[in-house]
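In this document, chain identifiers A, B, C and D correspond to the written order of the chains, with residue numbering beginning at 1 in each.
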């Protein structure tokens, strides 16, 4: 008899996450419980509590894992690991319950947007489009407005997790040397990846394209403050992609407004961005409304990797596509906030 | 004694084309004649006529090649082969005078812009930036406005010359299958390049990204007319990169205004684009003011390949980086315009 | 104060595994205990038992992990995970003790040998060399003795673990489509890797190059028996690389002697290969004496990844280069032998 | 009416060069004349002399090109450009007759063999195979006999023509930095190819793998003499692939016999290699009987590119796959022999 798997998309919808094919595939090897767009009521959870092998959910709202004696895996479909405040990871590690994040599903979409924003900023695509619509447009070949090409330019990554791994191959045809600051990885490991480990100051002061790609943690809140942002070169493009958490956003806005460097921003301390926020009027930046991962294809990619890994787990195999919670990272991340 | 080489940048400037290092390198193996920003006067040309080994110039304005008995090479720095109306190519072929174009210097810059425009259109980067500045911005993850990713999407190239060869590696990380329409190349050859030869209708009707990359010729004027443009899918992005010559621009403007597909345009039938041109108000297109190749780095790249190939020629070697005029293509191109 | 780490190379030597630089690096962040070429005596182990954070050893000979209350990681330097008969994996998983294998250190060396043996067989390199030394040599261009090129030929992998992942990029320039049989991985995952999942019969009957790359397990002993080996095409090359355990070696020898297909063999049921073993006289095979991974560079690579991951672990980070024992694979591998 | 094309394979056979498909394709767009395995008799040539558009032949034996008033192309299928002693190249250049070599057809096969021989030498594949057959075999993991891996090792190319371009991508997965000595190319051009230009002494003294890939010319006969071969490192592998013409073969034999370095040899001053030649007994070298390009697939590749380019030419397009004779190279090559 098939094993029982709860599917509770919570703030997402079944249709956004699962293609009909993926859902049919999941049903072919598991008994799917709930799988509706409304949150699963507590009494329904209680009814299946003792039998369920895996819970696939937008986040963790089910209390102690000890309530689920046969649980072998938690697959989150929200976009990041459940908060340690809601999920007892140590209990999961002790019991061998796999905790899996769908974050890798967003990697390609966010990386593509990172490249697109970087090029749009360096080549002034949004500015030129707006200028032509205003009846202007720079048609003189003598004046290029400081635009520059990506080929061979030094690139800096702040954070070398899944986003960085998705972005790196997109930059490969441009032959950019990449330096990386990531305190969670050893220099030796970074070198095996074909990147140059560097301290944060070096990354900021030497790169022509800087990509902020790190997962937020207790230790990197406002890491990029006035002093650090002051290190950025005047001919650089600063791309804020993973989280506003890492930046002192007021200072960033101020520096962009002063034309200290160029930039592109997809994430903000408050979203939707408040109407009166001054960055709305800053000229040297490409603004995007948290749309890097927000595509229909990326959401369906969640469903695809969840069903693939669910199949692996039910066959007694390790998952291969989602990100497995590593005890060390969970402990370091601490009480991360956005 | 060093051989004499005329350098006459004409509508360009010495500084824009030649880095100090490249100019010094040229002077190290050739006697450089003129090399000023004013056009070389006819009497000056006359003074060096009998001795000169090569002419490096923005276009050909020197009359019959038979006036230059020792001439071995013509290196143009304008961006395309001299018109057969001004230069007698058959005389050059007969005498073994190499005619070389600097067009390859622009390949990487134009290809990068092609990718940037394609991504900007598919991911709505300019539209979103403008919306945020108007106080709007699509923050809802349920609605993605038809944006889509480049990964694995079918791509079509119209023309497979230097631009296409520069663009293809930039698309490689996105794994897009590429179909190509180019009547100047055999199917067999295109297959060796890892692309799929296809007729024009197939390229237009099956691609999600269409790149117009062909060199203008007598036979491809307004090749993309109402009938052909009607074949484009509603979920496609049409990128006009090489020349407006290939398109019925009025129909293209009409179709974009109707939202039949999305697009990006860098070249226009008339430049600067007339103030009242209706495309300035069309929402479904990213507009660029002929800036794909117009970067300082691309211009300096001209100087680099000119000096490299000049060195090869004076050492008795074939040129390697500029494009050599092939008799067959020159004959086919015929009376190309615009 | 630095944490204590036992280094007990057992059947290896310190010099073979650790470069002076790697050893100095290890000593810079850990207190290294023992680190001699003689096996660590039981009483020495006992003396450090309560304090030791990690044990780096050729295999596991230290009894119950519960004897080591502060143990956080076991790093094996022999070449494969310790036998479940000697190490209680479930206790490790429960306690969160990382069990790490140095097998990835051999991947590049073994993959290179796999490619070298495959080409040597297809191009008859050893046979031709021997023929020339006998005073013969095939100098006629009309006769090529059935040699063939690797380009575009279908390749089959039996097993898709570390060796396969190291071999795949070496085949990439040859554009070979790769089909894979690996019952421990889902088809969906294999497809994400750019290979085609296939059943064993299809891999054997359709490939021109077959590589045996699987880790031995209880379920794959003599998997390639008379019936399976009969499926191999007469124009194929069969490369036995990972373990003789997977093949009925007598039948393989018989088939090669009959010229049913060509082959290359690096591993044998008994090593050194007994003097009178009939495969020593078989003409259609390249014979290698278990030398795929046996290079000085591969051994030093063990030291490199061990020290890198030891540093990560002591800094509270997850290891990145060694292979972490996955509960699912350990359970499936069961009582693997040979 | 179709244009007439002579096909005269001379020392090759129709079947070896043309697949049935390629021959049918050729007949579909040209009137094929002769196309038999016997050499075309002079009177037959005479009968078609005035009409023929192209001659596809194993070498040039047809006298003055002026005998063929409509001739537009000569496509050689022997493996190298016709000797200037038999063909008047200047007349061809003046008239615009394309002279094309099938050499590129052999590039992939020779490059594969170059890699195979280099790996066979570095990993001692032929020696080990022979040892096992003698009842020996090095089974000890403590002793590796000086074998080494290709990964990251410096590679030197002598000559950067078609063979080098085919070999370079095969080495890419091994990440070898490549230095190149080629006096026929500028340093600037070589740098654009991602290799490091170097003088001959540097290439010989710094590389772990040295590949001799140059086309023979008047100026490179015995280029690698006692003094130059003395520069090779004791831990290097020397691969003689293109022509024995470039080496003082007696000195090479002597040095290999003395164990000064390892090697692999595919070409000899006299072929077949004389029975008593001392290199037949030298242990540190892999011997191959000029088989790098001698595969059925490479010969059929000739037919494929000949038919592709014949189609291009008859359509008025430039050929794309064969090598076009460049006036500069033809003049430099001078009276090449070997």
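One rule holds in what follows: contacts are C-beta pairs under 8 Å (C-beta built on N, C-alpha and C of every residue); 3 or more make two chains touch, one makes a residue touch a chain.
The model shown is predicted, which means the values in this text are computed figures rather than measured ones.
Where touching is counted per the definition, subunit B and subunit D have no chain in common.
Ranked by how far their CA centres sit from the centre of subunit D, the chains are topped by A.
A straight line joining the Cα centres of subunit A and subunit B is 37 Å long. Between subunit B and subunit C, the centres computed from C-alpha atoms are 51 Å apart. Shown for subunit A are the residues that touch two or more other chains, of which there are none. Pairs of chains meeting the touch criterion are A-B, A-C, B-D, C-D. Against subunit B, in their complex, subunit A makes its touches with residues 13, 16, 108-109, 112-113, 115-117, 119-120, 123-126, 128-133, 135, 137-139, 141-142, 144, 147-151, 169-170, 172-174, 271-273, 275, 280-281, 286-291, 294-298. Those residues of subunit A that touch subunit C in the shared complex are 93-94, 96, 184-186, 188-189, 192, 304, 307-308, 311-313, 315-318, 320-321, 326-329, 331-332.
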